[in-house]
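The following pair of complexes shares a single chain, subunit A, combined with subunit B in the former and subunit C in the latter.
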Partner chain A sequence: MTPSVRSRLWASATSFALGFGVGNYGVLQVPRPDQWVWIAVAVVLMLTGAAGVLFADTSRAVSFWAILGVEVFAVFTLVPLLWTFTVATTPEGATARTLLPQDISWSAFDGAISSGTLRSAATTSLLVALVATVVAVALAVPAAYALVRLQVRARRLVYGLVVAALLMPVLALAGPFADQLVSLGAYGSRLALVVPMLVVTLPLATWLCVTVMRDVPWTLLDAVRADGATRPQQLRRFAVPHLGPGVVAAALLVFVAACNDFALGAGLAPDRPSLPLPATLLVASRQVDGSSAVAAAGLLWLLIPLIVLLVLPRRINHLLGRSYR
Partner chain B sequence: MTSIELRHLTTDGPGERPLLDDITLTVPSGSTLAITGPAGAGKSRLLRTIVGLEEQTSGDVLIDDIVVNAVDPRGRDVSMVFEDYALHPHLDVFDNLAFSSVLRKGVDKDAVSDRIHEVAELLALTDLLDLRPADLDEPQRQRVALGRSLVRDATVYLFDAPFTAQSERVRAHVRSVTMQWQAEASRTSIFTTNHVEEALSTADRVAVMHQGFIHQVGTPRELYDQPANMFVAGFLGSPPMNLVPAIPMGQQLVMPLATMLIDDDLAERIGERSVVVAGIRPEHCLDATGPGGPAVSDRVEFTTRIDDIEWRGSSQFAYLGYDIEPEIEAVMGEVEELLEFDLFQSFLVAQLPAESALRPGMSIRVVVPRQRIHVFDPETGENLTLPR
Partner chain C sequence: MRGWRWLAPAVLVLLVVTVWPIGRAVWLSLTRSTLTGAGDQRFVGIDNYTDILSSRSWWLAVAATLAIVAVAVVLQLVLGLAFAVALRRLTVAWPVTRVLVLLPFGLLAIVSAVVWRDAVTSGFAVDWFGLDDVGPTGALVATTVGEVWRGTGITAVILLAGLLRVPTTLITSAIADGATARQRLTRVVLPAMAPAIAVATTYRALDALRILEGPLVTDAPGASVRTASFVVWDTTFSSFETGLGAAMSVVLLLLAGLLAAFLVPVLRVRRVV
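Here is the complex of A and B:
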């Protein structure tokens, strides 16, 4: 038996055993209708096991450990989402007790959209994220150019600082920032959030733009210059086609990160008008009517990264280090 | 139509040695100069400085007798082919070829289109005009890069290793159509190559460059027959010139395999030097084994054993080994270290006609015409046999 066949058989056995366990527990312990979820998961796992045995001794380039991993990953990601969906669609007054939604009512989504609190919070978030992203990208592009292209002294150190800033616990800075804003008299204003938000966006934008800049075919710029392009022509003929898509993808990612920031929002905004959405959902959930509306708002907020991923999936995968080109 | 001149062009490098070392060159209008040298000689740097992409530390670049040091690449209007092709990945071959021509205002689009089709025909790109660079193979991409430059109207044309990716078969053809196209429009061109034969066969004049320094400029024949120094002698030609240590003793020069008589003139130039280097081209080693050998009156001859034979159809190489004393070997090692180039070997290569039935282990009598042997100073590399 070759090692790969043995490994496939082990993967099959593991997924069959897992499926068997999940199925038995579901049938014996879980009441309906959630029982069906358990049984479905068990069937998928056991089918994987069966397929693994069938294909173990073939030359197909599949890894059954990878398939099992994807299945486990999917369960652990989708179940919380499903739970959020169930909570969001539970009719007013009722409490969700099962994983599968019983009685779907969309009123919570209406509520979330029409709720003044959530609307103002979403506006704050989007506005702050937008301004912080624009400023950060405008600064990050030249910075990344210098880090990649120019023989700047200590550029490794600078790049190290950028990465360090990326890993910094933002929550620790929220307190000092708040004190500062209070003494400046700007505490509570929407735009006052932009400057602290740059702590999140600027290092991220620089880090992503460095990746963008590393991929640019720079001799092409030399060629375009040697061909006699003027500055505007260099911008239009070189920068737009070769830098544009990468920078846009980086900006979208930065925007999503800024939209999702919770720590700075919660720490720096005292009350409703300037509290961004993620912070509102946690801190001010009592001001919003019911957990359904909070869950619904959370699900709607999820649309932003989803849209971003749908717009430029390849670029974003590449930027995040998953290059498969 | 345009001449180019470089005066004492120097670019400081990060280390002690400059990247470009006091380069003075003239390329007359309508002529072709080949710059050849080993990798890392500074050839690309020199071209990039002429285009205006890199700045020199001192010295002048003149285009048509006008100093253009402060002029940007657009103002210099020099066309360049880059070693890594620098094609636009998002444009198809036609647009890539057109790119540099349409950057300037007031271009006659129809004329450009005609020229693109003409150039594409020459470089066998006609069927590929709608493809993107990613769909092409390496030689095709290189021809697109070359074509982009040929299509354009510029003052001077620089080609950085423009034929390297072409297969041996196509190479000569691509080279000749390129050079014909340039000659028809009497364009001034400079190309770099590390292929010695390419430089000798293609250009009007050749410059040998190494370590940022131009060792010699001249017509291919001048360089080959009268190399100014040991580096030029050892670099030009394949197989390269045999460089063997020689010890002057009175009227004689003692080499590992042979002894050569020297005349008063050469003896005077050798002077007090205790060791010199003798240079013998492989094709000047004639096989005189057996009766009816070549009739060379003024000759150096020796008999030795053949270590190995390399038969290559049109000719064959005989490798004749010899031993050198350790002290002399040390001197030669130092020279090689200084030059960062392997010049010396412990065998002599003789290029012989393919017909003669030679075998390793056989004894061979070799005759070399005496006036074909060059003598060099081992330290400065200066060619002592050249008439002053």
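Here is the complex of A and C:
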């Protein structure tokens, strides 16, 4: 579908005007070195406008509105990430004042990796998230299978319960859980965090697994059964190739969500040995030079979702998009 | 009833981990107790609730929370829809944009809150926009923008999935019938993706309701604007007033329930397993 000439000209005009405005504001108001960022963005936008005029009357199936949108999207996404990097690489004792990093020092990253506090916090987070994810997925896969495939009475009720638990303000449960753990004498142990963490992982796992199960070609299973496949064969030839990737993607998402949970971890752990990473970062942000330590630790922690996204980009997007339908 | 054998373990565990603490919250909310001294619980009936419901600062916090929810959801929907449309048309860039779009959501909320607060209190935004001592309220606005930034990507992914379900034949026949771009948007695309928009609105609204990290890192003594979840946190884990905090938690849960009960019929969210 080729966009019309008029639509392309409008897109060019908009993007040129936007670039012109950005460039002027940058030159007049923004001090160096960040001025260069504004000028670079302005040049890209105005070049898009020029290209739009040049290609307006061709039959290429390219939409300049889309190009403009993706450029705005890239700036919107990348500027805060760049700022996080700048904060993380600010030398000790200095405050980051510009978006572009001035003198890069990696000491905050070194500190984050070698700090015993952060390391034990990261271990707590990963351990708790791992156990809670394994338990949740093990429970969620059969539940999702029943919800999608079998005739269950009160199916909608169960599904409503799952969604309600997924969207509930978890913070409201942190206080009662803490009180319960205190009276059990388990306040402050790592493993005591796993049960409350199921509030986060179990609904999410069930909800994602329902989507996974809906996409499975179940008629194939009937065919495999009709052909007389044994149980192990059904498992190996049907379940692993058709269910496996989806369940793995769902489990990875649940794991990331459990790692990033803040309210429960911060409320249920009094001090260091059992404090998960997000809660530790809150404590760290209140210290001197805290921001760069927090930003460095956050960027390192971002590697986990980044790896997950790079390994299974298509499946993760598909799963998230379709789950929310 | 064969299905219940598969379903029962998950449902049982889910009920235990949700209903048990909610029940405990209801029980605690009827007592005056503290987190540290577990011994001196005193039954006070509905005193905690009358305290909360007659407290001006609680209702101000609720109003601030609802305002944040409204602004955050509208911004995320508008930006997310624009980005979803752009991403859909530019399929060449998908390998990159697919990763980029979800990257902010992977950043810890606490980290995003800290760096956005720093941006307006001492960072680049001060010089760029000539800000002058924004105070705790300005910092709260900045962390809310940071939350919008984190959530826009996931909103775009939801809306993109809705957009991809709009049949291409419908759009081409609308073009053949001579529909203008605006007519195509309002008569074809938006109605066809209405379910996705409804779900995105509901989910993002309930997610915005539980924002906690931003208010936590921007709170200063004498801050004029506080959010409901922050007040719950402060009461339970800073003043250790478990009974009052539990009553606030129950009210917060009811608030979330009311928001859902308002949004679901209004937007006609319907979803079958």
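The criterion applied here is as follows: the second predicted complex is superposed on the first by the 310 of 325 C-alpha atoms of A that agree within 3 Å, B and C clash if a C-alpha of one lies under 4 Å from a C-alpha of the other, contacts with A are read in each partner's own complex, and residues count from 1 in each chain.
The rule we apply is simple: a contact is a pair of C-beta atoms (placed from the backbone, for glycine too) under 8 Å apart; a residue touches a chain by one contact, two chains touch by 3 or more.
All figures in this text were calculated on a predicted structure; none of them were measured in a lab.
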Greater residue coverage of subunit A in the superposed arrangement, subunit B or subunit C: C
Contacts of A:80 with subunit B and subunit C, given as first, second, both or neither: second
Subunit B versus subunit C as contact partner of A:155, first or second or both or neither: second
Touching partner for A:241 - first (subunit B), second (subunit C), both, neither: first
Partner chain in contact with A:306 - subunit B first, subunit C second, else both or neither: second
Which of subunit B and subunit C A:220 touches, first, second, both or neither: first
Contacts of A:142 with subunit B and subunit C, given as first, second, both or neither: second
Partner chain(s) touched by A:233 [first = subunit B, second = subunit C, both, neither]: first
Which of subunit B and subunit C A:181 touches, first, second, both or neither: neither
Subunit A-touching residues of subunit C, taken from the complex the two chains share: 1-4, 6-7, 9-11, 13-15, 17-18, 20-22, 24-25, 28, 33, 35, 38, 79, 82-83, 85-90, 93, 95, 97-112, 114-116, 118-119, 122-124, 126-130, 146, 149, 152-154, 157-158, 160-162, 164-165, 171-172, 175, 181, 195-196, 199-200, 202-203, 206-207, 209-210, 212-213, 216-217, 229, 232-233, 236-237, 242, 245-246, 249-250, 252-253, 256, 260, 271-273
Touching residues (chain side subunit A, partner subunit B) in the complex: 217, 219-220, 222-223, 225-230, 233, 237, 241
Subunit A to subunit C touching residues, read off their complex: 1, 7, 29-31, 34, 63, 65-70, 72-74, 76-78, 80-81, 83-84, 86-87, 95-99, 139-140, 142-143, 145-148, 150-153, 155-156, 158-159, 161-162, 164-165, 167-180, 182-183, 195-196, 198-199, 202-203, 206, 210, 256, 260, 262-263, 266-267, 277-278, 281-282, 285, 290-291, 294-295, 297-299, 301-302, 304-306, 309-310, 313-314, 316-318, 320-322, 324-325
Contact set on subunit B toward subunit A in their complex: 48, 51-53, 72-74, 77-80, 82, 84, 86-90, 99-100, 103-104, 152
